[in-house]
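Step one of this worksheet: look at the structure below.
Chain lettering (A, B and C) follows the sequence in which the chains are written, and residue indices restart at 1 in each chain.
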Amino acid sequence: MDKKTKKNKFADGSTKYALLSVLGIAGFFVIWQLLVVSGIINSKYLAAPTDIIKLFFVKIAETAPDGNTLQVNVFSSLRVSLLGLFTALILGIPLGWLMGWYRWVDRFVTPLFEIIRPIPPISWIPLTILWLGIGLKAQAFIIFFSAFIPCVINSYTGIKQTSPVLINVAKTFGATNFTIFIKVGIPSSLPITFAGIRVALGNSWSTLVAAEMLASSAGLGYMILMGRAFARPDIIVLGMLVIGVIGAIMTALLEFAEKKIVKWGGRTR
Amino acid sequence: MKQRNLFLEILYAVLPAVSIACLLVLWMGVSGNRPDLIPTPAETWSRFADTFDKPIMRLSFFGHILASLRRVMTALLISWSAGILFGILIGWSRTGKSVFGSIFNMLRPIPPLAWIPLITIWFGIGETPKILIVVIGSIVPVIVNTQSGMERVEQLYLDVGTVFHANSRQLLFEIAVPSALPTILAGIKTSISTGWMVVLAAEMLGAKSGVGFLITRGMDSGDTALVLVAMIAIGIVGALLAVFISFVERMICPWLRKK
Amino acid sequence: MAEKKIRLRLDKLTKIYHTPEGEFEAVHEVSLEVQDREFLVLLGPGHCGKTVLLNMIAGLEAPSSGSFYLDEKEVRGSHGAVGMVFQKTGLMPWKTVMQNVELGPKMAGEDKKTRRERAKKYIDLVGLSGFENSYPSQLSGGMKQRVGIARAYTNNPEILLMDEPFGALDAQTRYAMEDELIRIWEQEKRTIIFVTNNIEEAAYLGDRIVLFSECPARVKEIYEIDLPRPRNNVDPNFLHIRQVIAANTDLAL
């Protein structure tokens, strides 16, 4: 097919492809709008893009049908997910580093970790509700779980791959094991650790939706669930879009932070 | 020094057993003192045995696992075939990437579970919406990996193809797709664990069978032992699926086998 | 060499790359005549131009200007009469030795039996009998390059291009492979155009050596090597030729 373009990635035609991308997305929205406006898809099932834009402004002031304005829902979701995510980062990354560096930690923690790992975070919801009740703590705990696992796995893998040459160089300079851990091991694990944070972010944001649908009375997940209950496809689609946009923004922020911190630009994927 | 090393070796050998023993003791301790928080191991075991005598919603325990597995497998087959085709389209053809890749990237940040309300409005509560949600969740890693595998086909292999007069169809199927296969398989691996997670969520939000249903059922009827049994089963099935796909990977990509 | 039939003629081939930093000329007006069944070595310092020249003959890159003629007919793009052995072997890791070697005839749509017979012949010729079902990752560097040579021969090329095929091998294997190549070439006489940056290798293998200058590559001198084969690389005549060429070679830094 397009073999030639592979060779000269930056040759002429890049404007053509940029234009095609714009056309693709524009076409997507136009077809969507037409399908709804023309009545091919009943508005009971899907709202037109223009209606969703209108609803966006209405929902900033109005609390119907789920009982909260849009920004309250956004704030609530962000609070829960960031709380869970940061707890996972703070506990999971150092744990992974310790497991990867100190053999006794590895031998002790890995069996427990391997038992917990295959159990999807969502299935913890009933037990969590039993332990912490319905509310911020329970939801944050579920999200913590979903983000904790990739944090541990990646920081563990990252520090395990520290070049033995670097470690030996540090040893010949008389550094202690702990110093090497801090000065050599951790920095060289950062690119892979960041890949883990990226996965953790994605997990936490998608688990949030489930947590809010199953155990909450606010937030974007709750809002789309209520949209379902009140048969309001416009509320659902608005919620989905807001969830998507916030997810994309957080990913972009993380990539920015990664570029600032891992200046030497190691492997990222 | 020697003695110290021997001591360490023994310590390393027994530590995994110690940690699992600690977990069991903790479980027994907590469940013994606060049975309202978590059932004891013995209770959990007898609850598991009970499920064979008293079916839940006319299905045995394994019946529920099979119901979930059937949904996941149906959805995965759809995801794999559609995802690989779409991934090839946006990974190999620059036009395909511009037009469809941009739409895909726009929809991708929406988590699969967020589709549940819309899908249930469209398709009600039967099997179709559940399978569709699992497809939405599990197709993403397949597409992403196929695309990146196809974009990173080594130029050298394509040059070899050109020198040996491969036509464009041969370049695609003889060279590009096989060389992307390991990456595609990595995506398929991810899709299995994602699919297993998503089916659980879909079932928890409304189903009459499946492991997710068992969890909600246990939660609604205060039957914590059932919840725990289901969680353990979910973990075991998930782990088995991962082992199974590693085996399949070695079958499909024999050249990746360790010598 | 009594009759000197000209197989391939390059006429002022030039390659200029346009990069964001400006123009970069890799090959400058190279004109050459390649005789039938000769072993022609392109020798030059560093990484400049030779590979680009070879890629142009193979049809992997289009020349910026100039043209080349096969049996006095102008050629564009890849051509059935031209085969190539790559420096990095370019063996497909997912194909067995047999599947790699039969690539050319398979692409041409030849039936399985015929192409396997021919592939087997060349696998035997390069001394890899018994390794048909091995994967490249199970072979040593020298064996991989033998597969590359068998693959090129199986496609029945009239002209065989070899781009520093032994560049990645250790010295011992390299000597062995050079002897092996001469043996194969004497058995299956084809025209070979062999690129190297190693003067000793050039003098050991070539009927003629085309010496290129540093960037952009242009023809500096052409040497006829009349030493009988097998050549001895400590023979005074051999050492003399080596010295003459070395004195004329641009330093590559």
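Rule of thumb we're sticking to: a residue touches a chain if its C-beta (ideal position, glycine included) is under 8 Å from a C-beta of that chain, and two chains touch if they have at least 3 such contacts.
Just so we're clear, the structure is a prediction, and the values are computed from it rather than from any experiment.
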{"item": "Most distant chain from subunit A by Cα centroid", "value": "C"}
{"item": "Which two chains share the largest set of C-beta contact pairs", "value": "A-B"}
{"item": "Whole-Å gap between the CA centroids of subunit A and subunit C", "value": "52"}
{"item": "Distance between the centres, which are taken as Cα means, of subunit B and subunit A, whole angstrom", "value": "17"}
{"item": "Rounded Å distance, subunit B centre to subunit C centre (Cα mean)", "value": "49"}
{"item": "Complex interface listing, subunit B residues touching subunit C", "value": "156-157, 159-167, 170, 174-175, 178-179, 181, 253-255, 259"}
{"item": "Contacting residues of subunit B [partner subunit A, same complex]", "value": "11-12, 15-16, 18-20, 23, 36-38, 92-95, 97-103, 106-107, 109-118, 120-122, 153, 155, 158, 168, 171-172, 196-197, 200-201, 204-205, 212, 215-216, 218-219, 224, 227-228, 230-232, 234-236, 238-239, 242"}
{"item": "Footprint of subunit B on subunit C - complex, ascending", "value": "55, 58-60, 78, 80, 82-84, 86, 88, 90, 92-95, 103-104, 106-108, 135-138, 151, 155"}
{"item": "Interfacial residue positions of subunit A with respect to subunit B in the complex", "value": "1-3, 5-7, 17-18, 20-25, 27-28, 44-46, 103-104, 107-112, 115, 118-120, 122-127, 129-131, 202, 205-210, 213-214, 221, 224-225, 227-228, 231, 233, 236-237, 239-241, 243-245, 247-248, 251"}
